[in-house]
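In what follows, subunit A forms one complex with subunit B and a second complex with subunit C.
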Partner chain A sequence: MDTPQDPTPISAEEVQLLEVKRIEKQAHRTRMILFGLLILASSLPLFLTLNVPNKPTQATVDLYSTIMAVPDGSTILLQTDWTTSTRGESGGEFEGLMRVLMRKNCKVALYSMSDAQAPKVAMDEIVLTLNPERKLKGEREYKAWDDYISLGFFPNAEGETASMAANLRSAWNGKKYINDSGEPEDVFQSPVLSKVQSITSVPLVVIITATSSFNVLIERLSGKVPIVALVTGVMGPETNVYYSSKQIQGLATGMKGVYDLETMMEDGINSPGPNGKVGFQWENHPPVKGFPGETNYGRGKLYFPTLHIDMALLILAVIFGNVGMFMAKKRGNR
Partner chain B sequence: MNEHYAFLKMTAGVLCTVGLYSVLYRENKFYRFFEHVFLGLAAGYAIVALWSENLKEGWYDLLVGSAGTNGHSGPYGHYLYVLLLPIGLMGYFVFSKKHSWMSRVPIGIVLGLWSGQQVQVWWTRYGPQIQDSIKPLLPTVWSPAMKPDTTGMTPALADAVSKNVYLSQAITNVIFVITLLAVLSYFLFSFEVKSKAIRGFSTLGRYLLMIGFGAIFGSTVMMRFALLIDRMYYVWIEWLMNHVIARKF
Partner chain C sequence: MNFSYPSGSSTLYLALAVTVIFGFLIMFGMMSMPARWRRPVVVTCTFISGLIYVAYYLWPKPQSFGPRDIPLNWSEWVGSQLADTIGVAGTISTALTTFLLGLGIYSLVRIHGRKLIRMQKDWAFSLVLLISMLAIVIFGYWSYYQTKFGPDASKLQDAANWTWVNYTNDFLFDGLLQQMEGAMFSVIAFYILSAAYRAFRIRSVEATILLASALIMMLSLMGAVEFLWNSKFDHSGAFVANFQLTEIARWIRDTFQTPGIRALEFGIGLGALAMGLRLWLSLEKGGVSA
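The block that comes next holds the complex of A and B.
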């Protein structure tokens, strides 16, 4: 009869390895719970109608005033350096800006210095989101060539922007736009650019960006033409210095910037609404009209409450994490 | 647009979103597949855009000219533009050990053009910021401590009130200038700093930098959340509610 043998003894190293694996498994589980909570917190509020009170900042007040000061029907240049990867912030900025420009019948020449896909993303927003919205309200749809034109992607931002500053017509010489019948046409034949002679004849350059591409724009164009920027939260602190030193005339940053813009589109600045009351007051600022009752609110108002809930979850996680670590350390010391 | 096509496009977007977020669970082949699809599409799109939106219009069409239409002659070809091709191709010799020196020719041209612009560019970028850093540190008015509300004042009076430096503004300016100088002193690497005072000041600069980085990190986190919220909106509202449940496809 076989005698039972002792199990093979486990070495200290193997014990340590098992302990590491156990801790890793536990950390993985905790991480999964946190991710699950985050996805819930980012999803559920989207089904509810939540409102967060908002007071726009000085930078976005200046941004809105500058955009509204552009003469109706004029052509602006729009450097659109964002794609769907930052649609949460940049998409809201683009939609808000375009709604204002469309109501002012402004013509838009858009291009990108940062991403080959960016002009297509911007045009899709106009065709698939903004035009159907206007059509539904019985308003005129914005037409490519007549109202807006894409100049495409310029990979050499520094050289191209310097050329634009020196001679806009020469910089875009030879640029073609493929019309509906498939024929290439010179972009300067378009009603958008036919009257534009130089960068100084443009009333405003707008940049919507998720990268630091605004650095090149400011280096080459600042002082020659008014510039406003709509940037993501990440780029906000870096762009803010340009606003403080008045190198750009207005700035919207991240989700808050989108909500600010939407708030002023609804209420204007020191402008009485249909009920005679001023919706948004800003000290010592001339009245700037809004568009009360129009489609003003979009991603800003929709996402802002959800963002607050996510931030609350983050703060709670940081507090619980630190308390847990403190208690674990205390247990270990004892 | 065909609604079936729109639905298929949106469903592909949802699959990509789920595929890419699956890395949160662990590294997996599903994630890898969508990562490669994303990179492949981006690279392919960029190559086509580079040709169709830049090289063709800005170089090839000008090089070959055009025959013209309706009996009118088109623009003549600028044949000297062909010289740009070998210069550009020299850049690819960076991959050859023997001929890598040739890649320095286009790099040198680009660097030369870039350097020529830098003095003006530097000043346009940083000049106004340096100017803006020079701020009044002493208040011109001691009372009230904060700028009064100018609502209802005449423009001339409001302008006069706004030109004053109030105590609160002076304190803000002092904090700004101390931060600026302390952070600058932290980057004194060219010589050994022996003075205890300057070393203490640069330590303060390090802490102030950390506060700044913390604020930037906070903005970054908020942006990441905004992107997640938008993806959730796309999956739950735009795709599920508006297309699947509303049966728009």
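The block that comes next holds the complex of A and C.
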């Protein structure tokens, strides 16, 4: 009589391989659950209007005060080094800043030192988002040539910024832009730059960036002209070095920076609102007016709750990861 | 010296043609030059270019010197000449850097064109790349011409009057390129979350300190948490006010993060200075100095 054959014994290597496969499968499943949660957590708050309490930071208070101190109708230089990849943060910063500048009738000369697409992205924001918003409210639309011009992309940030610091007129000599008659004309003939003689005659230089392009700007222009920076959360710590040394006058960082800016646009600083109440108090600061009731809130208010939930998810992921590790260790010791 | 000529004038086109021919002549001259002669030319150009910037930073600058002012002495004269030269040097260096863009396009077309002709592996991706590049160039310039110089240029400033060319350009730039860039960037969120779960572990004292600091910084970015936390310690002037979330976060930032980054950047700056000196004086072994 034949005895039933024993199943082929599994070698230690095969056992190890199976264990690795099991762990990989489990990790894959956990990752998918996390990703699913992230998609839900990031999407759901976008459909809700939530008023999250917020207190602006010292850096954004300084930023807002500096921008508001710019004389109405003057020209500011805007280095716009962001594209759609960081539109959540940079787009919100650009919109907030431009809304304030438009209300102050400031003229804007924008250029990029970091990305060839950036000037077009910024111009599209003005033409396709901000101008229709103003038109809808019966306000004057911002016109290219008269109110803003794009000087385009400068691929050599170091050389160009050094030239700007030495002689702005010589640095942009021969640059043309399409005037309101459709003809290319020298940029210094435009109402935006006609009164600008040198970098010191500009009341403010603003940089909105998602990269470390602020380094060159600050190295070359700091001390000659006030500078404020609006950067992404990732670039925040690096830029804070310049804010803490007072090489830049104000700083907005990431999504919180956008929401801070929007909060102050609505409430001002130590400024009584229409109901006579001060919306946002900051100790020992002179009153700076806001624009209560105007379109102040945008991406900041919209995305801030999402940031909360995503941060909470991140913290939970770290906690669960560590709890899992300790439990596995405990099982191993037993 | 004024190199600016009226737009569309024959002088401008003549100047452009002369510049292009001159540029090609220089390039041809450099390429046909024996290697042993090439080096001194490059070394001299590099040194003179660097010297302009070094001299500008080190030379005393004339104070409140306007474009119509006459220098009072030779020191002021040199300072004003250097300030004027920097503008021209900046324009030249910008023009030279712009050539890198052309070089990039040439390289891209060469590599992917060859791949396509030889039908190498993944040639379809090369085809997509070349078609996309061509399409965005054609529609970009076409739309630019229509909105800036076309007969209906002023009407086209309003998006309601756009032609199919403007819409196609907008679709390619805003609808595809920008959105894909946004999508690529948002993928990072998934990596961060995955890394937070799998790699951010309390394995040592250092890791625990790092984790605790990160936790405080993350919580400080959450306005609602910050509001609730701070309200528990909101006693102006009292010692406990130091335990507000914003204060703790600020302490971490100002005491550890910012000085740490500053020290790092100082080191990088010193390294860049040493490297810059080596390049300026052509002491580097690589490149033309080899």
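Here is the rule we go by: the second predicted complex is superposed on the first by the 317 of 334 C-alpha atoms of A that agree within 3 Å, B and C clash if a C-alpha of one lies under 4 Å from a C-alpha of the other, contacts with A are read in each partner's own complex, and residues count from 1 in each chain.
The rule is simple: a residue touches a chain if its C-beta (ideal position, glycine included) is under 8 Å from a C-beta of that chain, and two chains touch if they have at least 3 such contacts.
Here the structure is a predicted model, which means the values were calculated and not measured.
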>> After the overlay on subunit A, what do you see for subunit B versus subunit C, clash or fit?
In response: clash
> So, does A:D124 touch the first partner subunit B, the second partner subunit C, both, or neither?
Replying inline: second
>> After the superposition on A, what does A:G152 contact: first (subunit B), second (subunit C), both or neither?
In response: first
> For A:G321, is the partner it touches subunit B (first), subunit C (second), both, or none of the two (neither)?
Replying inline: second
>> Quick one: is A:M68 in contact with subunit B, with subunit C, with both, or with neither? Answer first, second, both or neither.
In response: neither
>> Quick check for you: in the superposed arrangement, does A:L38 touch first (subunit B), second (subunit C), both or neither?
In response: both
>> Once chain A of both complexes is superposed, is A:L302 in touch with subunit B (first), subunit C (second), both, or neither?
In response: first
>> After the superposition on A, what does A:V278 contact: first (subunit B), second (subunit C), both or neither?
In response: neither
>> Is A:G182 touching anything from subunit B or subunit C once the two structures are fitted on A? First, second, both or neither.
In response: second
> Between the stretches 2-10, 110-118 or 146-154, which region of subunit C is in steric conflict with subunit B after the superposition?
Replying inline: 2-10
> Which subunit A residues lie in the overlap of the subunit B contact set and the subunit C contact set?
Replying inline: 31, 35, 38, 42, 85-87, 116-117, 128, 154-155, 158-159, 162, 174, 176, 233, 237-238, 241, 244, 254-255, 307, 310-311, 314
> Along subunit B, where are the residues that touch subunit A in the complex?
Replying inline: 1, 24-26, 42, 45-46, 49-50, 52-54, 57-58, 61-62, 113-114, 117, 121, 124-125, 128-129, 131-132, 149-151, 153, 158, 162, 212, 215-216, 219-223, 225-233, 236-237
> subunit C touches which residues of subunit A in the complex?
Replying inline: 27, 30-31, 34-35, 38, 42, 52-55, 57, 83-87, 116-117, 120-121, 124, 127-128, 144, 154-156, 158-160, 162-164, 166-167, 169-171, 173-174, 176, 178, 182-186, 197, 233, 237-238, 240-241, 244, 254-256, 259, 304, 307-308, 310-315, 317-318, 320-322, 325
> Which of the residues in subunit C come into contact with subunit A in the complex?
Replying inline: 3-4, 7, 53, 56, 66-67, 83-84, 86-91, 93-94, 96-98, 100-101, 148-149, 153-154, 157, 159, 173-174, 177-179, 181-182, 184-185, 189-190, 192-194, 196-202, 211, 215, 218-219, 221-227, 230, 246, 253-254, 257-258, 261-262, 265
> Where on subunit A is subunit B touching in the complex?
Replying inline: 28, 31-32, 35, 38-39, 42-43, 46-47, 85-89, 91, 116-117, 128, 152-155, 158-159, 162, 174-176, 215, 218-220, 222-223, 232-234, 236-238, 241-242, 244-247, 253-255, 281, 283-284, 299, 302-303, 306-307, 310-311, 314
